[in-house]
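You will see two complexes here that share subunit A, one where it goes with subunit B and one where it goes with subunit C.
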Partner chain A sequence: MKRKITYTFIYIILTIAAFISVFPFYWMIVGSTNKSVDVNKGKLTFGTHFLTNFKNLVNNYNLGEVLWNSIQVSFFVVVFSLIVSSMAGYGFEMYKSKGRNYVYGAVLLTMMIPFAALMVPVFKLMSFFNLIDSLWGVILPMIPSVFLIFFFRQNFQQYPKEIIMAARVDGASELRIFFSIVMPSMKATYAAGAIYAFLTSWNAYLQPLVIIQTQKNRTMSLFIANLASGYQPDFGLVMTAVVIATLPTLILFFALQKHFVQGILGSVKQ
Partner chain B sequence: MKKRFSVFMLVVLFLGIVNAAGLSGKITIWCWDPNFNVAIMEEAAARYTKINPNAQIEIVSMAKEDVEQKLNTILASGVKKGLPEIVLIEDYNAKKYLESYPGAFADLTKHFNYDEFAPYKLEFMTIKDKVYGVPFDSGVAGWFYRRDYFEQAGIDPSKLDNITMDEYIELGKIVKEKTGKYMQAGDPYDGGLMRTLLQCAGTWYFDEKGQPNFVNNPAMVEAVNVYKKMADSGISKEVTGWNEWVAAFNGGEVASVITGVWIIGSIKAEPSQSGKWGVLPVPRLNVQGAVNASNLGGSSWYVLQNSENRDLAIDFLKEIYAKDVDFYQKILIDRGAIGTWLPAQKGEAYVAPDPFFGNQKIYVDFAKWMEMIPPVDYGIYTYEADAAIMGIMPDVYSGKLSVVEALKRAEEQCKNLIGL
Partner chain C sequence: MANGFEKSRNKWGWVFISLSIIFIGLFIFYPLIYSLYLSFFSTKGAMKNFVGFGNYKRLFQDNYFILSVKNILVILVIQVPIMLFLALIFAFLLNDPKLKFKGVFRTALFLPAVSSLIAYSVVFKMMFSSEGLINNMLMKMHIIKEPIRWLLDPFWSKVTLIIAMTWRWTGYNMMLYLAGLQNIPQEIYEAAEIDGAGKVAQFFKITIPLLKPIILFTTILSTIGTLQLFDEPMMLAAGVTTGSSVGPGNSLLTPSVYIYNVSFKYVPNFGYASAISYMIVIISVILSLIQFKVAGEEK
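On to the complex of A and B.
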């Protein structure tokens, strides 16, 4: 009996939590089918304006260009960030040296510096490399991800060292071991890392904001911020744009969902 | 005759070439709001490229916070590459930029005849007799009211062009009693009305030295009193945020709105209310020297001193924003934007009656009130002061603190916020 009450209680809490996390999502989709006035009034039922909103968006703005910029940024960040961060994590875990943990600690500490504090120096640096208003100016600083280094190192801890030893005995080079043996057997970890890298680069805001200077190089997040600003924004249009911006994340997440859960679980030492 | 004409044409052409050869290049402009500032700048750009075909103009549209963030980053980094030629800055924040980054903005004193602009727009963009901006849109305030509700309540609007906030609250009680509608809608923790009231009295949160001046400022004491009386009287529908506020008057729940002229677009968004609205001068604060005219918001254009095509940008602003009367008519009709270049207000769009407002010539009225707005130096910490005073309001409403005590605390709080 007592147990039943506990379960009921847990379910009530879970239902509330689920509602809180799903509601904004629901509201976004409903909003994209309504007129701005109705969104303002807080209408919570589906309307019939999705096509109008969508047409307004496509006809008045260069949506394709914006999406293409975002896709490029995310693609390169995901690919390079996974390679660089996993190699760093692997190095920290597998090679023993005296200062290793100090260096690792220093790297982790940089997680605590908010980007706002780095903005001016990053801007100066990119300006020095002539990368202002270039997508590479956005991509490069996002490649080394401290969180991913940490995440990969945690996962490599479980990796059986015997396999690496065996490969060494067989005469494989260190790079060969990493790329041909370790990497293919850690798919779940890489999938989880890919989702993380994609999310951070796709949703990145401050970084592209300070680097990108012209309309034609804008990414999706900048585009939406612009739509939502102004004295009388068209909220139906904004919601439609947000739906479109959410789709790639959603697709990627569902495609990699199975691996993602495994990868996250894998990072917990059992 | 024909020959003379062709010679004349040649001269014109030649002059055109010489003039154009002198100034060419690309002007980059940062501003916010695709339906307002951006659209207006696009109109201005189209007009300028007709005069000077060698100029190329790129308008970068972004959120207001983003313009500020980017401007801060680029100016703080000291990088001189990739500066925009022109940026839009909100009037309340202008001085912060001018004082934080000396030398970053071009001194425009000699380039414009500033007597032609609304005087209140110059106060905050002037430092040591040098003017650094081109005044743009006005936030001249009006008291928008529903003709039908006022009639129902037996109130005659023609007698209301010179009243105080206290009288306004009394009228509000009558409206509520007779029609069941609220007099207005507002967020009791929003400083917009406070700023409007302070400006009508010709004062601000700060004294001449830039020190917070709350307790010894009669206008502020009175303004907080107004907030308190308003809350006690129940004439104001309590709303949170822009959307609820707009919904309150679009939905016909309130009899009037006191705010900046830029609200007209939102009022007109409800076509079923056409003909039912009118505009009166804002009620003034009950203190010495207050007038029935004020301002809320507005922004202006600034040219960056180290940008590549600075002179071209100045020429552009001069040719359009200080010369083109027709441009100002066009942006008023298309966007509801009231400029602050006074000669434009004799134009036909300004004198046309507006059927939505019961054929009142509202822009003639707004132009008149605009010239009456007392000039005020906004200083550099307007929003910090706003936060300090609004943060203490709950205790004022509950009666826990007297007005003077609350102002004392808020002044302390404001000093903390700005690090004095």
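On to the complex of A and C.
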């Protein structure tokens, strides 16, 4: 009897928590189908305004251009960041030496540094390379990811060393072993890493805020921030933009949930 | 002979890490050193004057800087414990093998961690507007008589920020705890149950002590994260107040926002901004060390 009460109580708590967690997503989607006034009043039911909002974004705010900028940034950050970080993780894990251990320690320590602290020098560096107001100015500084190096190193720990040994005996070069044997067999790890890199780059705000100066190079985060920051923003429009920005991440999450979670689990396993 | 082979092969380690060293060197180490150098200069536009520790001295008399640190400490002391405690409870409840719909609850609770910082801040800003959803609901349920001025009041704007951040990060931390709980054999809980220990006792006597290393890890992650807080206060404050105040009475001013404003919004003073940055790095290192120490002593 007592047990039954305990479990009823647990289900109630979890249901409330789940409701609170999901509700803002529901409200955001509802908001994208409503007029500004209704969103502001907190209307909870679907409206008929979605197409109007959407067309407004495409025609008057050049949504296509903004999305394309964000897609480019994320694509290049994911690709380069995975190659660079996984190579580093592999290098640190498979070839142990004292010198590299010190380097690894120094690299890990930089996780503590807020990007805001690097913002001014990165801005100056980018103006030196003539990359202010260019998407590459946003992409390049986002490629090094200490977290991903750490993440890949953790995952390479579980890679069977015998396979590498066997490949060496067969005369395969070290780079070849990595690119054509190790890399293809770690798909789950790369998927999780890709999701992490995508999330960071797709959602980045401060980085593009510092580098991007003109409308035509805006990314989704900058666009939403601008749209929502006016004195009297069109709330329906803002919600539609938010939904469009969130949709790719949600789809990715539900399609690759296992990898997604694995990415997080792998990073803390001792 | 094998040893010689080993050594020459070992050089490949440097080849593999070289690319990342170039990137990290260029975009993290170099900026770090350059910013230390800059912090000893006063820079106004193209002018650059050596001021020694002048910028650092100025920090201690700068009311905005002091306020930004205070703001962040309030959030740190209130938000992080609430969030981590909730995350622990949810992880504990979801770890029960007898629980049904586990996957559904887990997915639902983790969902906020998928949202972008800008997007969720904007959504929360709208929900908490004075004539908005939350006030309407609370008034319909007769919990409050008058609308709360969530974003227009120094106290309530911090509450809104804390609620929003807790929503965003509880599920994320819960996942980390769930991962840690997988290493604790279920038999321990079963044995405790046979001994008559209730859920509450199990939570405090088994889960918390055994998860200590991960609790420390999440505490440090959250501390660093809070010290870097930027997107949320920027969004919650945007358009709410006129002038340069970040939130009502600068209630949402954080060090990162202040660095940004000093660097790019006011007359740019990169030297002073660098000094603020260094101060924040020093504060994060000190706080992390304290947390290590406290966790170590309790063992």
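Following the convention adopted for this analysis, the second predicted complex is superposed on the first by the 246 of 270 C-alpha atoms of A that agree within 3 Å, B and C clash if a C-alpha of one lies under 4 Å from a C-alpha of the other, contacts with A are read in each partner's own complex, and residues count from 1 in each chain.
The rule is simple: contacts are C-beta pairs under 8 Å (C-beta built on N, C-alpha and C of every residue); 3 or more make two chains touch, one makes a residue touch a chain.
It should be emphasised that the depicted structure is a prediction, and the values quoted were computed from it without experimental measurement.
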| item | value |
| --- | --- |
| Clash or fit, subunit B versus subunit C on superposed subunit A | clash |
| Residue contacts on subunit A - larger count, subunit B or subunit C | C |
| A:Met112 touches, of subunit B and subunit C: first, second, both or neither? | second |
| First (subunit B), second (subunit C), both or neither touched by A:Ser229 | both |
| First, second, both or neither for A:Tyr95, with subunit B first and subunit C second | second |
| Partner chain(s) touched by A:Ile132 [first = subunit B, second = subunit C, both, neither] | first |
| First (subunit B), second (subunit C), both or neither touched by A:Gln215 | first |
| Which superposed partner A:Ala245 touches (first subunit B, second subunit C, both, neither) | second |
| Which of subunit B and subunit C A:Met186 touches, first, second, both or neither | neither |
| First (subunit B), second (subunit C), both or neither touched by A:Pro24 | second |
| First, second, both or neither for A:Asn40, with subunit B first and subunit C second | both |
| Subunit A residues contacted in one complex by subunit B, in the other by subunit C | 40-42, 119-121, 123-124, 206, 209-210, 225, 228-231 |
| Contact set on subunit B toward subunit A in their complex | 28, 32-36, 58-66, 69-70, 73-74, 76-79, 81-82, 84, 243, 246-247, 250-251, 262, 265-266, 269 |
| In the complex, subunit A residues that touch subunit B | 37, 40-42, 119-121, 123-124, 127, 132-133, 206, 209-210, 213-215, 222, 225-232 |
| Interfacial residue positions of subunit C with respect to subunit A in the complex | 9-10, 12-17, 19-21, 23-24, 26-32, 34-35, 38, 86, 90, 93-94, 96, 98-99, 104-105, 107-112, 114-120, 122-127, 129, 131-137, 167, 171-172, 175-176, 179-180, 198-199, 213-214, 217, 224, 227-228, 230-231, 234-235, 238-239, 255-256, 259-260, 263-264, 270, 273-274, 277-278, 280-281, 284-285, 288 |
| Residue numbers on subunit A that touch subunit C, as the complex places them | 6-7, 10, 13-14, 17-18, 20-22, 24-25, 27-28, 31, 39-42, 44, 83-85, 87-88, 90-92, 94-97, 100, 103, 107, 110-125, 140-141, 143-144, 146, 149, 174-175, 178, 199, 202-203, 205-206, 209-210, 221, 224-225, 228-231, 233, 235, 238-239, 242, 245-246, 249-250, 253, 257, 261, 264-265, 268-270 |
